[in-house]
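Chain nomenclature is as follows: A, B, C, D, E and F, assigned in order of appearance, with residue numbering initiated at 1 for each chain independently.
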Amino acid sequence: MAAIAQSIRRSAIGLGLFAVITGGTIAVTQVLTADRIAEQAARAEARALFEIIPESRHDNDLLRDTVQLPASDRLPQSGPITAWVARSNGQPVGVILPAVAPDGYSGDIRLLVGIDLEGNVLGVRVTSHKETPGLGDRIETKKSDWIYSFEGRNLRDPVPRRWNVKKNGGVFDQFTGATITPRAVVKAVQKTLIYFRQNRQELRKILNETPEKRSAPIIPDAVAGQHQDAEHS
Amino acid sequence: MATKTNSEIVREGLWTNNPALVQVLGLCPLLAVTSTVVNAIGLGLATLMVLMGSNLAVSLIRNFVSESVRLPAFVMIIASFVTCAELLMQAFTYELYQILGIFIPLIVTNCAILGRADAFASKNTPVPALLDGVMMGLGFLAVLIVLGAMRELIGQGTLFTDMDLLLGPMAADWGIRPLENYPDMLFMVLPPGAFVGLGLLIALKNSIDNQIKERRSARVTEPVTSGSKRVRVTGQVS
Amino acid sequence: MTEYLLILVSTILVNNFVLVQFLGLCPFMGVSGKLETAMGMSLATTFVLTLASVCSYLAYTYLLEPLNLAFLKTITFILVIAVVVQFTEMVVRKTSPLLYRVLGIFLPLITTNCAVLGVALLNLNKNNNFVESVLYGFGAAAGFSLVLVLFAAMRERIAVADVPVAFRGAAIGMVTAGLMSLAFLGFTGLVGV
Amino acid sequence: MALAQQSSPHARKARSTSRLMLWVILATVPGLLAQTIFFGWGNLINVVWCIVIALAAEAAMLSIRKKPLAFFLKDNTAAVTGLLLGLSLPQFVPLWVSAIAVISAIVMAKQLYGGLGSNPFNPAMVGYALVLISFPVAMTTNWAQPGLLWESAPGFGETLNLLASGQQTVVDGYTMATPLDEYKHKIATHTAAEVLEHPTFGEGVARGWEWVNAAFLLGGLVLIGLKIITWHIPVSMLAAIAVMSLAFGSNPDQYAPVTLHMLAGGTMLGAFFIATDPVSAATSHQGKLIYGAAIGVLVYVIRSWGNYPDAVAFSVLLMNFAVPFIDHYTPPRTYGHHKARRGVPGKTQG
Amino acid sequence: MWTSILIAVVVLLALAVVFGGLLGFAAERFRVEGNPLVEQIDSLLPQTQCGQCGYPGCRPYAESIAEGGPINKCPPGGEGTIKSLADLLDVEPEPLDAEHGVEQEKRVAVIREDECIGCTKCIQACPVDAILGSAKHMHTVIESECTGCDLCVDPCPVDCIDMVTIEPDIRAWTWNPPQTNLIATDRQGASA
Amino acid sequence: MTQLWDFAGGIHPAENKHQSTSRPIRQAGTPERLVLPLQQHIGEPAEAIVAEGERVLKGQRIAEVPNGMGVPVHAPTSGTVESIARLPVPHPSGMDDWCITLIPDGEDQWCQRHPVLDYRKLERDEVLEAIRNAGISGLGGAGFPTNIKLRPPKDRKVSTLILNGAECEPYITADDMTMRERSDEIIAGLKIMAWILRPERCVIAIEDNKPEAAAAMKKAAEGTQIEVVVVPTKYPSGGEKQLIQILTGMEVPSGGIPADIGVMCQNVGTAIAVARAILEGEPLIRRVVTITGEAVTEPGNFEALLGTPIDYLLSRAGLQEAKLHRLVLGGPMMGYTLNTPDIPVVKTSNCVIAATAQELPDPEPEQACIRCGQCSEACPMELLPQQLFWYAKAGEFEKAEHLNLFDCIECGICSYVCPSSIPLVQYYRFAKGEIRVQQAEQLKADRARERFEARQARLEREQQEKELRRKERAKAAAEAQEKKKAEAEQATAKGEAVDEKAAKAALVQEALARKKAGAATASETQTTDAENSSPAPDIPALEKQLTQAKSKLETMQSMLEDAKAQQADNVDKLERAVAKNHERVKRAEEALAEAGADTIPATQSTE
């Protein structure tokens, strides 16, 4: 019994000593780097939003300036929608809406669509998708520039009939080998624009009320309901 | 254990006992992050740092730990180095950190590191231990880079893209693309390519070794004295 | 219910820890020489992985998170895991010496099996609740065990084949793992996790 | 008197491995013919090309490995691998893609393991899966539009040109989505009736494909008749697909109907020629039944819920992976042993 | 700031103390002595007791293997023993370490009886008591018990002990493996 | 109609039986010399009980198995024993074995015979003894002593007695012709065996490709309870296990014997031998042998005396030597090749095939196994031949054993069907041989270990005892000192004896000490010997070696002197030993001198 007690004591003290040293080291490092990390993290998280509405166009804290928009059967997602509002001098200049394209080649494609108050597309980004690598994944900015082709478009340019891929008589390129994916994205963007136009009055009103600022930022990932795993390849 | 000379330590780390090619340890990060050279270098450097630190630390404290808590103690040391590295990377190369994902904290469980701590550092004095850490780390880094280059080149037809993630803006246009119109070979980018690529590297090393051995055995036949180590079982016979 | 099933399908097949996520590769390559050994290793890993998943979940939710110590997660998890493993090792050593010699250096290496720490960290990343964490850990272990055992059986077969000299051993093992991983790509898209 | 010294038996049956492989090649002729009639010259060109490349790759590897060339080349197995790849690749896939498929099949999946008889994975399917994930564009958009050979373009010369041009895709108008592909991605958002309007389905089950599959079925039956393969794998595989699709797919607005599963894509080719590759398949009868059925289930699962519209290659590879394990646990019961009688049919009571 | 560092350290300390205690307990409670593996290893060794491995007998060598020593030191066992040891221990087989000797055909000792002076030295040398005889009378080797270790050869003052290879016999004959001369396999290349 | 079962696998090879059935059984006659191997059966070899030059009578016992399993060998005719020597015997190894060579005198003079017409009056054991004394071992296969087989273990009742007339192997027709021409004798023999065993059922099984034999047997069996069953032709229906399955649906348990399931299987030829042994008192001295193949012009069956050279039979059948390519003893499926026709017929020889190169061509080179499974489809034992092959080839014998390698009956079917022409059976035979060798070695190793350990224990004990004695002696000495004076007289009285002992002890001690020194350097001696080429000769070791050699020489010299003094008979031996040791010393000196010369450069070179 004595042997056990002795052994327990020795091990506990030994390990405890290590805990103090290592824990201390880590804690100190953490304290020293905490601020910088927070700043980096915030910047990275907002990047997708900043890409859609560049920082030069607004001066508010995009991540924290969100509004709840009414649900609509125009958009595939159910329930109220969280949108980010960009403001310049307190005046709204644009809004970023989440959108889902349900008819991708495999599963949903989640998007962010930035729209200015006139209904022009400010930018579109994909937050998650499961399209085939090498085929449908060219909707990512990393793989091709295709997604930029929406910028500046609105419901009159092109006319609704031509809001489609070229193969179906539209104006948007499809990429070789994949028509389905681009078509799905085009449709989703178009639907978002229609939603915006139909609810324009109401939206303007909501946007103009400057809401209480959130304390915690809402990051696009959370809205898209998807968490990207670490990229493993 | 016989102590090793420094040159032996160097040779072991880089070639004869290379952690990736010979010990076949540390595979997870090795395979997971080598789709491009920059990822490979990022992780390789982090691993190298941790390996040096942990080898040194373990060697310093090697006489003070009791057997039953040896493993947890080593692991804690490694983990604290890794956490520090993680925090630093977050602070200074955030994007790379995001790309490497959980493989940064997973350096803790890189078998090569604990393996070295246990097999070498805990039995040697600080200087050789540190050297061993450096060499093993470099050996590992070298394999990472070669595999990364191989996969990037065959998989995407590029080399050294996105080096700015690690080295800042000055490296932004280091990327080269030897062949225009190269059709991407996704196999090499995806997991299977990682395995096969490493398999090829190991085979390459084996065949080089075999050739060296052949050439050497062709030149000198080492004098082996057959039976020189015999002892007498029945003791002294009078 | 289906949601739990999907977690299992996802971890075992679609996002197989070894072949797709690249976790736990060292024991996968190291202990796959013999089928029986592989089975022993599978059992040990399944046990440790599930337990580690639970312990680290508890440690995080009830200790680190309330105290705002998230940055200590790596060291805490690895400490928990190391202790669980060391404890298992001592018990195995006492109860089954052959298993001990056979698993030899690999029992402590379960500690450094990335899969174990990986499960703990991924559970966090995925915001899994307790049940999900347990299932995730178990599924990961099952996926690991599945491929390990199949791989071991296959390596026994490859061992008697006329493989070119340079490829004997680890190299052909890697190529085989690569082809297996290629086959597992067939599962992509099966579950949206 | 120099008398020959040999171990018994002294008599042998005269059916060599080369002959066996030749029979396999002959048995694919109906299928190849049907493919040519309904999908143009593409497959034929592919087959010839793949066989040539396969033999060349095999010869190269053999000489690197310092093995006698003629002896191994004449076993015809490399030709079978090339042939099967040629039959399963899309009709308009560029020649360099098929060359990569064949080379990786022969070099990586076969010779690295020691050549004939040692490869755990089906070489042809390794090649196929490898190019499928590597070059998805070339591998998914190059399926010929069905149409009778003598009625529709392109002709032989033009086909050859297209294949040799090296472009990853061929002009639209010659190509069309495959029935399984079409059904699979449309059914999520359309009704069955809408989906079936697509010309790829034709009047029957799947235009052209139904005949091709029937022809492969015929060839497969010949192989069974010649006792080159046993019935276990094809029957269990087809039965598993049928059972799965009857169990899940009663609603055609959700899942493809059983007829489509049976007669479209690589089902019959896979069941009779690919899953049955003796080298990479299970050995005992019981093992073969398990192996075949599991392939069938996997084919259905991946087709219905996965990303790939046809899944024979992946399913076969996945089960190849399990074969040593299956073999390990399904040895037949040996005469005079007590374990339960398993999987040994033919115990007639006379 | 300091409080957060303090909290971190205290929490980790608490965890470590608890776990350390647990391990300390286990270390005592599950202590093991000895190694039953030695038996298994010993049963694979040829029991020639010749000492060529550098250990006084097979068992001491078995003990050294159980501690992790090299498995390629036993010439009488040769490749076969190395292979079965490698199987048991799940390690790679290595070629026989030539420093300890080379694999030879099975031999037995034969005493040329007309030269034997009956000095009994070979009896003392034989580890398995395979030699019969008494002082001043000629000695003989019990062939079936002789392990062929040749330990008796050296002590003999008149060098009357020969090690003779065992002649092939029709009753001990076994089939050869088939000649596969055409297929020069890599394996042969490797062993060459 | 008797119910028949099927057995797994099996094949239908070309039969090639008609060649040898067109002629009736011919008498081979008496050749110039008969060669009788001492071992013609499973078990212990027999020992000759005649001397060279002795005259023996026909039927006289000439070799006997004194203990262990076995049966005697008899002289097939009268004549003189020419030699007892090693000669080629029928064996796949082609090696020689002990044989008695008999020169017939042409008189064919019988020894005393003891026919028993009414064997039912005898004890069963007496009949069995008579069968043994007639030298009968199975004529159909392995050559198992028939009397032992006919006495199944006490707890086993044989309920079915099968007479094996299947003769499923191609070419062979010995049993076929025997059944056609000697059906009555067969029935008589069967009746004797049935009387011994008292089975419920007696069956004669004949394949349906021998209708004449079946008809003859049916006719002979009329009026008895014996069933004559015609079984479908399929190789290897004649294999004991398969035949039992066909007739009873039961399987002989692995590792067991048919008697375990109440069945016994005897060859038809064995039945005749039994009949002749009991009813005519004729031991087993002749049998029917098929001589066939395309290299003989008159194939057919011969009734030949045991010991008849196959040469002789071949020439009777019209051998065309030029065409002969392969000579097979037994059938084409299980027989083995002979490297010379100068080999005698023995009890188990049923067929000789003199084949041309076209008939039994050389096998194709072995290709890789493609796991086609043809072999497992056809294996009658339901094994996995290709798995066995993989393991046998890779040397993984344990795994092969695990897959029931030892259940393989070596029927040859798997090799026959293998498209890759793999000599599977040879791999199995090789593997079986290796496993047996390994097992024997294991046994030997275990015994060696026991003996070693026993010796170690003994030495330890002796050591302890010595220690004890030494202590006691010390104690005694101390006591002795106290009573010095009193003891002194006694000591002188015993003086001489003690002296002598002490001197001897001293000598032994001296030798021991020297030997010790010698042993210590012995290993080093060896080292230096072996290290001839190695650069650094160990001077001290060489010196030690020299002193050791010298001391050895001294011992030998003193021993020699002793011996000379005593006029012992080992003087010359010792002289030789002394000479040898002189040489040893000289060698050592030379080595030392040589080493001394180049010591310095040598040591430098090692730095």
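What we mean here is this: contacts are C-beta pairs under 8 Å (C-beta built on N, C-alpha and C of every residue); 3 or more make two chains touch, one makes a residue touch a chain.
In UniProt terms, the chains line up like this: C = Ion-translocating oxidoreductase complex subunit A.
These numbers were taken from a predicted model, which means no experiment stands behind them.
So which one's got more C-beta contacts, A-D or E-F?
If we tally the contacting C-beta pairs, E-F comes out ahead.
Centre-to-centre on C-alpha atoms, which chain is most distant from subunit E?
A
Compute the distance, rounded to whole Å, between the mean C-alpha positions of subunit D and subunit F.
52
In whole angstrom, what separates the CA-based centres of subunit C and subunit E?
Roughly 36 Å, centre to centre.
Based only on mean CA positions, could you tell me how far subunit B sits from subunit D in angstrom?
41
Please set out, as single numbers or ranges, the residues of subunit A touching at least two other chains.
Residues 7, 10-11, 14-15, 18-19, 22-23, 26-27, 30, 106, 130, 133-134, 229-230, 232.
So which bits of subunit C are touching at least two other chains?
Those would be 20-22, 71-72, 75, 79, 83, 86, 90, 122, 125, 162-165, 167-169, 172, 175, 179, 182, 184-185, 188-189.
List, in ascending order, every residue of subunit F touching at least 2 other chains.
Expected reply: 92, 365, 393, 423, 426, 429, 515, 518-519, 522, 526.
Where on subunit B is subunit C touching in the complex?
24-29, 31-32, 68, 71-72, 75-76, 78-80, 82-83, 86-87, 102, 105-106, 108-111, 113-115, 118, 187, 190-196, 198-200, 202-204, 206-207, 210
For subunit F, which residues count as touching subunit C in their complex?
Touching subunit C: residues 390-391, 393-394, 396 of subunit F.
Which of the residues in subunit B end up touching subunit D in this complex?
For this pair, the touching residues of subunit B are 183-188, 190, 192, 196.
Okay, in this complex, where on subunit E does subunit A touch?
Contacts found on subunit E: 1, 4-5, 8-9, 11-13, 15-21, 23-25, 27-29.
Which of the residues in subunit C come into contact with subunit E in the complex?
33-34, 37, 59, 63-64, 67-69, 71-72, 75-76, 79-80, 83, 86-87, 90-91, 93-94, 97-98, 101-102, 104, 162-165, 168-169
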